[in-house]
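What follows is a group of structures, each given as structure tokens.
The same chain A turns up in both complexes below, where it pairs with chain B and then with chain C.
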Partner chain A sequence: MSKNNIIIYGLILVFGIGAPFLFPAYKLQISILWILTILALTWDIQGGQMGYNSFGNILFFGIGMYVCSSVQIGMFFPLSEWTASGGEKTFLHTTSQYFEGFTYGLILAGIIPAIVAALIGYGILGLRGHYFAICTLGIGIAAGEIAGGIELIGAGQGMTVPPWPKGIGGTELRSQFFYYLCFLTVSITFLVIKWIYQTRFGLVLNAIRDNEDKAEAMGIHTMRYKIIGWVVSAFFLGIAGGLMGNMIGYIEPTEIAFAGSTYGVFMVLMAILGGKGTLWGPVIGAAVFHIFKEGFWTFFLGWQYVALGALIIVIVIFFPEGIMGWLREKYPHRFGEVVDEADRTAQVELT
Partner chain B sequence: MDGILLGLLFALIAYGMALQWGVMNIINIAQGELVIMGGYIAYFMYTAGIHPAFGIIVSPIIMYFVGWFLYKSIINRVVERDLFISILATFGISILTQQLMNFVFGADVVVAQSNFGTTLLFDDSVTLPNAKIFSALVSIVFAVALVLYMKKSRLGRAIRATSQNPRAAKILGVDTEKVYAATFGINAALCGVAGSLIAITFTLHPYVGLPYTVRSFMIVIIAGLGNLPAVALSGVGLGVFEEFADYILGTEFRIAAVFLLLVVILVYRRFKLSKKREYLK
Partner chain C sequence: MRNFKLSIALLSGLLLVFSSLAFAKVEGDTITLGAAVSLTGKYSTNGKNTKNGYELAIKRINEMGGVKVGGKSYKFKIVYYDDESNGGRAAQLAERLIKQDGIKYMLGPYSSGITKAIAPVTEENKIPMVEANGASRSLFTKGYKYLFAVLSAANQYLEVAIDLAVERNGGKGVRIAMAFEQDAFSQDVKIGVVEAAKRTGSEIVIDDNLPKELNDMAATLAKVKALKPDVLVVSGHTKGALTAIRQLADMRVNVPMLAMTHCDAGKLSKQHGEKAEYALCAAQWHKSLTYKDNFFGNGMDYDRDYTAEYGSPPPYQSAESSAALLVWKDAFERANSFDTEKVRDALAKTNMQTFYGNIKFSDTGQNIAKPMVLFQVRCDGGKCTNKVVAPTKWASTKIVHPIPSWSQR
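Showing the complex of A and B:
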């Protein structure tokens, strides 16, 4: 690890830990930034490294969200009564019940989406290119529609998550608790993904992206690797979903949980904006995108989706390589690439 | 019966999609939005006091230019690129147009009354709104006209040549840029026709575009590119399936059923294809 890297990691760590004290007003926004970073990082396992452009990763986010809060409630109270009351009649969790439920909920919120991913993976990851993209788009939307039809989890009105226990401090502590939990999750996600990309597994993912048939011909069980990559994504996405649901405090099937047209697209955009297929790209992309988005939401209120659509088009047309791709072209030496200037000019003249 | 008439309408949209998929290798996620836009044009004529059936003449003309403009402004920048880029770009167009329509036309569900009355068949056991029969007939007429146009006219030949081999077509003096623009325009015009028919027979709402995209995508995958009888047949099949799903599962699961069917078809197709690739096992 070079000196530069240590400085960068140190700065991020200091920012991550100090942010709630430096910018107390933006605590929730920065927590959401960490969640968005998880979304972008996990999307990039598929989209960037593996070359499978998924629009449906939001599925796991939503499942995680529902599983987490269902477990939290269902461990102590009848779930159907909770949702039937529509938040009117709330059973109060005691402090220990709350944290017990939350811990189990979060663990299951990781595991169940991972199982779902493994189950559907074999069928869906066999699709190639645009068929995969459209198929995952369909799954994401279908999941939202189905969740909106199930009475047990609140159908179209959505469900509330257990309120923060009264005994141990107010909303200040609550937001700080979730902030650090988000930061911890994003750190773990980042380190796991960084480790994955350094192992043979990361090389296999890149091989699948570059030429899947060739990778298969070389004796790699591509399907197995694809499913594992998908499961890793689903695990972290599920946990992020569980956190997000608790942070917002209210779950709605099509707008929050299976929000194909907001978070589902955001994760793709962030990864592309930052530069897909790189480790840091999604992180940078998420930060830049979040700042832009909040700007849009504040200044173009009501027009934000128009701005979003325009933003997608602009990003796709003008920055298909992303920020990291642009940096890479500008400073190739920083990326450990040696450019033979004479050779390059010769090639430029050729084309 | 409803399903069959509905299916012909879907087939018309799907044919537009197949056309541009085959020629430009672009999957247009904004297809549904173009349909809805066409529908709103017919609705406007209705509110202006003109019979909405004339929408099938006016809205394709307007939509042709909308499509042409979209191509010139956005699509021509992504047509040469990676497929995923073009999917994302059209997805952006889809969100953009959806929201613009929401602002311009409002989020209310609207319907253009055609006052066509209904036909009763088999001793009143089957009721058929004339509007639906009318729209099915119009779909057939437009589809046949389009096929003839593609076969006979000069532009149609140029489009077919470009879809077979754009480079060779370019060498032989076909202005592929113009062909692409025309293809996108024709597709948008077809969407306009379908949209104005939907305005007569169903309801319009800015956010219902995406299901139409998915339906047409599904029909294209089942039928293959540019095979008109198969497109019509699978369109009808889809229409019938939807009516059944509506009846059995309930209306709230209708859209979910459509999307799930898409997933099932794609996965089935993958397993069927993977049997052919035994050398990789």
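Showing the complex of A and C:
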């Protein structure tokens, strides 16, 4: 690891750990930044590295959210009574019940979406290009509508997540707890993805993006790799969903869980803004996007989506390769690319 | 090095954004309330109505001497955010209002779903919220202590209509067709209708769930045409009401009674003219009701002042939002303090009349002093108005039932 890298990781670590104390009022927003980073990072496994633009990754986020809180509730109380419209009874988790439920919930929130990804992936990862994109888009939308019809999880009414136990600490402790969990999750996600990209697996993903038929011809079982890639995405997305549901405290099928029109779009946007197909791109994209959104949107009361539209146009025109892509083009040396100046000028003259 | 500089730039950007100053809840002679309302997205129309209601009340209260606490007069001010008609966003904004902007007193957003998303946040932070647009019954069964709603619960919306239909049927049960949007509010309205059906021995012949962002309900209406129910019940916010009227007319579906929610805000009679005639609409408020207070006078006065300010008559969403501010003022003055706990206790003891209706909260924060009203759209030579037909105590007109078939209209 080079000296620069150590400084960067160190700074991020210091910021990550120190933020709740430096900016106590902004814990929730920084927690959401970490969640957004997970969304962008996991999307980029398909969209960037593998060349499969998935618009349905929100599916795993939503499933994770529902699975986590269903487990949290269902382990101790009848789920149908909890979500029953009106909910005449009040159930309260004890402190130990809360954390026990949350632990199992979060684990399953990772595993179940991963299994779903493997099953669906087996079915649809044979599709390519636009067909895959449209298919995933449909799956994402359908999931919200289906969840909106399942009475057990509250249907269109949505479901409330168990509240933080009364016994220990107040809201301060709660937001710190979730903050550090989010930071831990994003760190693990980042490291796992970084490791994946360094292995042969990462090369295979890129081979699939660059020329899937050739990769196949070289004896790579591309389908297997595509599925595993999606499973990895789904696993971390599911956990992110479980965390998000608990942080917000209320789950609603189409706006919070399977929020295709917000988080579903944001994850693609962030990855592209930062530079898809790079490790750091989604991270930078998420940070820039979130700061833009939180910092400036409130000043455009009612016009924020127009501002977002303008941002997208700016990205597409000036940074078609994203921030990382732009930097790479401008400072190729920093990325370990050697440019033969004479050859480059010759090329430019040719075109 | 480039990466390094970039991260420094990003970090300092973060710092800049996060270091914007938080302001206090009571500063100088201003009491600041916080509200996340829907200015964009599917609830933007009603979000705007909500905001207008808040603004009109603030203006009026401030003009008339403001709020008197401890012998000093204070002015109201509201910090708004746009929740984009999205519950998740609203919950974040509520947290932002409380944690970053230092808001200690909240006003509600528009819609039950979004109120449900915000309530856990205000509750956890022990911040009292007076809300005027979250009617879902489940809001009042969670044991919330800091939530106060000035409006009647959602399940009461269309119960009246079923009772009316049964009454017109000589006390015998009727055949009900219903179509409800998949959202917290409409699903609660549905509970009320289902309960009323059980109580009156009525039969539900069509039970459709409609998607959000309702633009088409032709499938449901085709069934209505085939099964000929006695009453068709539709609830899907403003879009649902507009869609139902448009397609009922297009498909020439005859049904003896049509009961809906949100016809008032949908300006049905304005947008669809005579096509909307005879629709029954459940409403929290109507201008012809005779409640009154010192700030707005009675419903007619409110209607006149609101129209002068915003150029269109007030839907009930605006009226109830204005009422929320009157409740806040009253509570502050009775508490004679800015302590959130004292103000909360004062809110819980509210018992007042406003132009919008009587307000008295149950232990769960629900307004139990005000009934729903049902009005019917009636047209006279191209000009359509809403006439109150139920409950009979406030009724200004007799209901037309059954609705004449399209061939006779």
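Keep in mind that, in the parts below, the second predicted complex is superposed on the first by the 332 of 351 C-alpha atoms of A that agree within 3 Å, B and C clash if a C-alpha of one lies under 4 Å from a C-alpha of the other, contacts with A are read in each partner's own complex, and residues count from 1 in each chain.
Note that in this section contacts are C-beta pairs under 8 Å (C-beta built on N, C-alpha and C of every residue); 3 or more make two chains touch, one makes a residue touch a chain.
Only a predicted model underlies this, so the values are computations on that prediction, with no experimental measurement involved.
In the superposition on chain A, A:M270 makes contact with neither chain B nor chain C. In the superposed pair of complexes, A:M50 makes contact with neither chain B nor chain C. Residue by residue along chain A, chain B and chain C are tallied for touches, and C comes out ahead. Using the contact criterion defined above for the overlaid structures, shared-chain residue A:Y331 touches chain C, although it does not reach chain B. Residue contacts after overlaying the shared chain place A:E145 against chain B and chain C alike.
Shared-chain residue A:L308: touches chain B; no touch with chain C. In the superposition on chain A, contact is made by A:G129 with chain B only, not with chain C. Once the two complexes are laid over each other on the shared chain, residue contacts for A:T171 go to chain C alone; chain B is not touched.
Looking at the shared chain after the overlay, A:I35 reaches neither chain B nor chain C.
By the touch criterion defined above, A:V316 lies against chain B but remains apart from chain C after alignment on the C-alpha atoms of chain A.
According to the touch criterion, the shared surface of chain A, contacted by chain B in one complex and chain C in the other, consists of residues 145, 148-149, 305.
Contact residues of chain A toward chain C in the complex are 4, 7-8, 11-12, 15, 23-29, 32, 85-88, 90, 145, 148-149, 155-158, 160, 163-164, 171, 174, 244, 248-250, 252-256, 259, 262, 280, 284, 287-288, 291, 294-295, 297-298, 301-302, 304-305, 327, 331, 334.
Residues 53, 123-124, 126-127, 129-131, 133-135, 137-139, 141-142, 145-146, 148-149, 213, 216-217, 261, 265, 268, 272, 303, 305-306, 308-313, 316-317, 320 of chain A touch chain B in their complex.
Chain B meets chain A in the complex at residues 27, 74, 77-78, 81-85, 87-89, 91-100, 103, 210, 214, 217, 221, 250, 252-253, 255-256, 259-260, 262-263, 266-267, 269-271, 274, 280.
Residues 1-4, 6-8, 10-11, 13-14, 16-18, 22, 39-40, 44, 80-82, 84-89, 91-92, 95-96, 99-100, 113, 116-117, 120-121, 124-125, 136-138, 141-143, 155, 181-184, 186-188, 191, 209, 211-212 of chain C are the ones that touch chain A when the two sit in their complex.
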